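These notes are about the structure you will find just below.
To keep things simple, chains are lettered A, B, C, D and E as they appear, and every chain counts its residues starting from 1.
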């Protein structure tokens, strides 16, 4: 940005465009986003005794990584992380596959009921998950899927269908139809054109939808708690909730575990934040 | 030949139920019974989380788990729901089986005259106190709650004068967790009242309940109990006591080891254990906890499972848990067993407490009963309701529940 | 002219008609929806007509609409409905305002955008259950940073600290605040995307027309952002009606039932009390509430578009 | 033989409003046919129906004698160049051009050869490893054409291929396409709404309007003998002046521009006679046929006032009001006058056209020689 | 008095590459000035600098005698019409047009009157209650102009206002803008890359290239006396033919098209003399000055072969190869010949232009009269 007297085109914030004010703005946003994470980071470096010291002590006397060690030994945090990653990745992949197919049909095919289909898909997000918990549990049980990755992957996929489909529909719509037509004239079948041309071009949209789906799946708590309660299959949010025992509430250890669980997401987001925002922009996320 | 390839699956609670020791017992069993392999599954760390998990699994009639370790409050409920296999056919009639156990466990594990489960280990609420402080201020051990309050105020005043203003008189659990059910029951029972009769029918004495709750509030007003008691959970009590900030503390048996052994404990060697005080004119009563072994009604290997349960609930196993894990025995005689007493001398005192213990209401809707009691108790302790309002509410809710 | 044979069956299968292709592509989606949504809903409605309490020995007893009768006379239901609506009414506009502020700030032309973007996205990526845990810790009477900061600033009494999570009003406020913090992030994300889609030339036209930055905000930014705002609001409202994780981890619905939401009540009855019939009836009521609210929204939106 | 034959091709998108009303056309082998017409007239629909990208409701489409209306695009042996180029953004130019060949399992050496030749022809050899995003508009256009060429199809279809280019580039590419056609001798169907492109490129032009073919003929024919006022008003830059005129009742035939009556010269009288007495009439005259000076003895002279002068450099367009009508004349670049100046416009009677104002039908001295005009 | 004065206006976006290299221009009150030039030459940047939408690095901008370079757009008393119209999609047309007035707290009655008048003028009165989405491109363009008009600013700025319209509509709107200017007598600065628009609309044209003004003059002047080969090649449709020529060493001055040498006629000799002997030369001649027949005695005649014929209806463009050069000639529509035919092109020596092939500078008989050309 060149130094400007006034910033034309700055959305209603010309008065915020001075460098000093911009720093304030950035500070506000950054503080808002980071302070909880920062606080638990500090907590995770304290001993339990420091925690209940009064008045409150912000910085630990001496940094200790013991809590991190304990986070991994108290509970199999590594296993939880692996479970979470497996479930989140699998359900993300499945959501993308299924919703890409649906989104393509809705965005491109000349179907009379495509609006209805989209409405159905989106409407499915209106049903509170907690209410469906028991029937879903029974379904999974009768399919013999309890305490398997599949038990979570399927519901998470459905959970993510609406948002993935919406994002992908607008992405597919933004890809010129003529590209597909060109491929069909070049010798592709319709599905061939979809696979060879449309999908590679929708990659940014697929990516955005993928991140949204991944975060949702990574974060889910209730189903994970109920469907995969066995120690081998627990995901991170459930695992961390279980650090608090009947007789203990080891905040510093929980904090350490929280940090360990947050860091992968933060890294993921930091790496791809432009894609998330840009993807939403490009996808238009229209209703 | 059925035993040659039997695989059993045991749900053994959370970390606090010491799956490591359970594993040892199972290994023993496997060694003695070739052909049987047993796997362990652990669940939620708190009794609520475990209940949540178990009820989803059992409600779904899941046959994957054969044996469950369940909280003392659950046999009635689970058995009533048809989730547990009656064990009479495998271990004999209830009247026989429960003779060697502490009486309270016969009460909770026999439902409709049938053996619903066998006790694994016991637990109870104790009054922990700072021996050193009472000695320093030359005060006797309190017998009633009023005495306790008076003692506490004296010590607090003296300590505050000496610069230790943060000392709490009494720490108890007011957060809406299972412990708060006991917080409600202790002063109620302490007046000699019963919450339910032998048939399980509720017999709530409202004035006594109001009085019980008011006792706590009175202690808050006197500064004996801290203002945010409704936020205090079991571990808070432990931590604060460990940090030397508490004079008297009500807590489960496990806390003893924590005070005694934890590296960061400031109170090593300064702790004493007492039976819970009574209300003036009443008698001491404590809240009994503990865990039981039960066989799933949906198990495909009920006989083998029952056999294993018999082993797990044997005196031998109980002693092993007591020696290696300081877990309170369910057999009266083990409290005086030489090996045990050598390992945990305080069991001598504890025996009396546990024997005098009461079990919480044995209802088929225990989940909801517990919820009603603890949320209301917590709300009263947070002073969002008066004790009278709270007790009215408890009565109304319970009546709704009994529809 | 030589007659040309029509393409072989195989060839024709490679070129399915639009309708067949559409059906094939949509099939997995609807299979999943049927399995995970439609069937459970049916099951739920069916269950709501039975007495499934465990005290019945696990034998279902058909009782018609009796469960619903019970629901409407249940003070807990009305209390939870009130709390749910209150949380919705407070946190939806709250998150919108905060989200809009964040989006506007984040849309400023920073040289280095990633710290801002990351800060914007972090609360969104944080699991709800974590947020509840963390903020419960923040609001702790003794060890919470909220009271500590207030005391350090001299805004609160050190000897009589506010018991945030123990007073019904404060507890609800704390829960709402946490929800707003957590959800404003995704709000901001949608709005930021909306902001970036506003053509720059509109601002230039407004500037040439004589609009000050403030006027540009009201006359260009806000109206142009309207579609994004509506999307965000609908989305947020639906999730607000389903509020569970944060009050569950923060207050367990307490003190008393002061922060219990409908979703929590349903959870309590189905999972904790194993009263599937009654819980299902409650769940059906929450559906109906969600449907009514969404319908009202959609009509409102339809009217705006017209 | 790669002729394209359309017989009674009908199409509607929604099943109700027809977009093509039974099109009959015959494109001969090697012929360059241009579909021209205003936006929405159905040009693209027709072209895409030929390509197989749209299914037609009824009728027949034959390519090289083979009915293809039931075949998917890839089996029709055509190539198409799209308006926005439709290059695959994720493939290099080479792969863009080779894609069709690869799908047909052409040997690698053959692919290399054919793509190389096409690239040479289009002078894009040095760009082959780039991706489309790194190209200018004109270069992308070339690649799009190259992609069509390498396939060596029976028929080339172009849908407004130049409309996204700027004026200068458009002109250049236009010549290039024309030369390409001369070199390849291929059958080409080309859609545009730019009548200059149509005139300069086509062997034959089909003028479309509202899903009907208005005229299908050689460019000169279309220019000089438009079958309808619509065609006259569409072709030519600036297009033919069209002005409503009224018959003046009286002994000598006369017409009136609205306040300005003039006797009908002998050359126009047969056409006038062909029109029914009740018909409302429209007069057409091309701007280059209107002169400021009398050039021949039998010129008609219309007095008017100058409204607007638009200098183009080589010449100037003068808008002149005559009676109620405004006529544009091409006048020499040297002409200068202030708006409002009175002047006379001269025209050879033979250069006048007469149309039915209602149907648009042209009235000729001889019975109509134009089978396509709609009545 | 609403003249616009630019003095040494410099601008760069990134602080390194200058986009405007010190522009000097003077737009007189009521004058219609067009900035024309190829894409990326800085036209929009210059216009937006005048509007205040871009800050300039140095130099002065005066509107009506007042330096405005430090004022925000709203204080410069200008109105601007954007390429994409930039209508507020959420406001009705009336509110779109009234917005500027409302911001200035104009009384309601006055707003009604002014918007009504502008709408009448632009014939959009019946649309006033619609929103922009419900309009066609041409209608949107009118609204954008209307929004500028109601404000009654000192200066109107147009940035390629017609480039999103189709050819016919563009032609219509072009005349309308010209008439509007005649009626309002306003100062207008208009950016386009379409040289036809520039020629027909402008009182004066500024031809820009790479941030420099190449020539700023009346359209006829620009057309007939281009100061540089770039201007000559940019203006005119088709543009001036430019061909590199070499001096043929020898007694009589002669030039060579590469394989075809010809003696330099007397009329061209002074210009040739003005060019340094070492300069590489480029010859320029407009297509309309190339004839198939000799018209005057002193015509030069170049033999060549016909490459391409592009009939436009009223006339035909013939591309003819002469030596190494390809020249386009405008020939009568009646001319027909096959590519490859040999023919002669005749030209009046006075119609030839000579440029420096390196700098682009035009060589005139008299010392250069063009201060803007860069060397």
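In this text, a contact is a pair of C-beta atoms (placed from the backbone, for glycine too) under 8 Å apart; a residue touches a chain by one contact, two chains touch by 3 or more.
Chain labels with UniProt names: A, C = Sugar ABC transporter permease; D, E = Glycerol-3-phosphate ABC transporter ATP-binding protein.
Nothing here was measured: the structure is a model prediction, and the numbers come from that model.
Q: Using only Cα atoms to place each chain's centre, name the chain farthest from chain D.
A: Centroid comparison gives B as the farthest chain from chain D.
Q: Using the touch rule from the top, point out the two chains with the most contacting C-beta pairs.
A: If you count contacting C-beta pairs, the leading pair is A-C.
Q: Taking each chain's centre as the average of its Cα atoms, which chain lies closest to the overall Cα centroid?
A: A
Q: Can you compute the centre-to-centre distance for chain A and chain B, using the mean CA position of each chain? Integer Å is fine.
A: 40
Q: How many Å are there between the centre of chain C and the centre of chain D, using C-alpha atoms for each centre?
A: The computed centroid separation for chain C versus chain D comes out at 57 Å.
Q: So what's the Cα centroid distance for chain B and chain E, whole Å?
A: 93
Q: Can you list every residue of chain A that touches 2 or more other chains, as numbers and ranges?
A: Residues 6, 8-9, 52, 54, 134, 138, 189-190, 226, 241.
Q: Check each residue of chain B and list the ones that touch at least two other chains.
A: Chain B, residues with two or more chain partners: 52, 56, 59.
Q: For chain E, give me the residues that contact two or more of the other chains.
A: As it turns out, chain E has residues touching two or more other chains at 52-53, 72-73.
Q: Taking the touch rule as given, give the residues of chain B at its contact with chain C in the complex, in rising order.
A: 48, 51-52, 55-56, 59, 77-78, 80-83, 176, 227-228, 230-231, 364-365, 367-368, 371, 375-376, 378-379, 382-385, 400, 403
Q: Which residues of chain C touch chain E in the complex?
A: 199, 201-202, 204-212, 215, 219-220, 223-224, 226
Q: Would you tell me which residues of chain E are touching chain C in their complex?
A: Touching chain C: residues 48, 51-53, 72-74, 78-80, 82-84, 86-91, 99-100, 103-104, 147, 151 of chain E.
Q: For the complex, which residues does chain C have touching chain A?
A: Listed in rising order, the residues of chain C that touch chain A are 14-16, 18-19, 21-22, 25-26, 28-30, 32-33, 35-37, 39-41, 43-44, 47, 102, 104-111, 113-131, 133-135, 137-138, 142-143, 145, 148, 151, 158, 181, 185, 189-190, 192-193, 195-198, 200, 203-204, 207, 212-214, 216-218, 220-222, 227-228, 230-231, 234, 238, 241-242, 244-245, 249, 263, 266-267, 270-271, 276, 279-280, 282-284, 286-287, 290-291, 294, 301.
Q: Which residues of chain A touch chain D in the complex?
A: 176, 178-179, 181-190, 192, 197, 200-201
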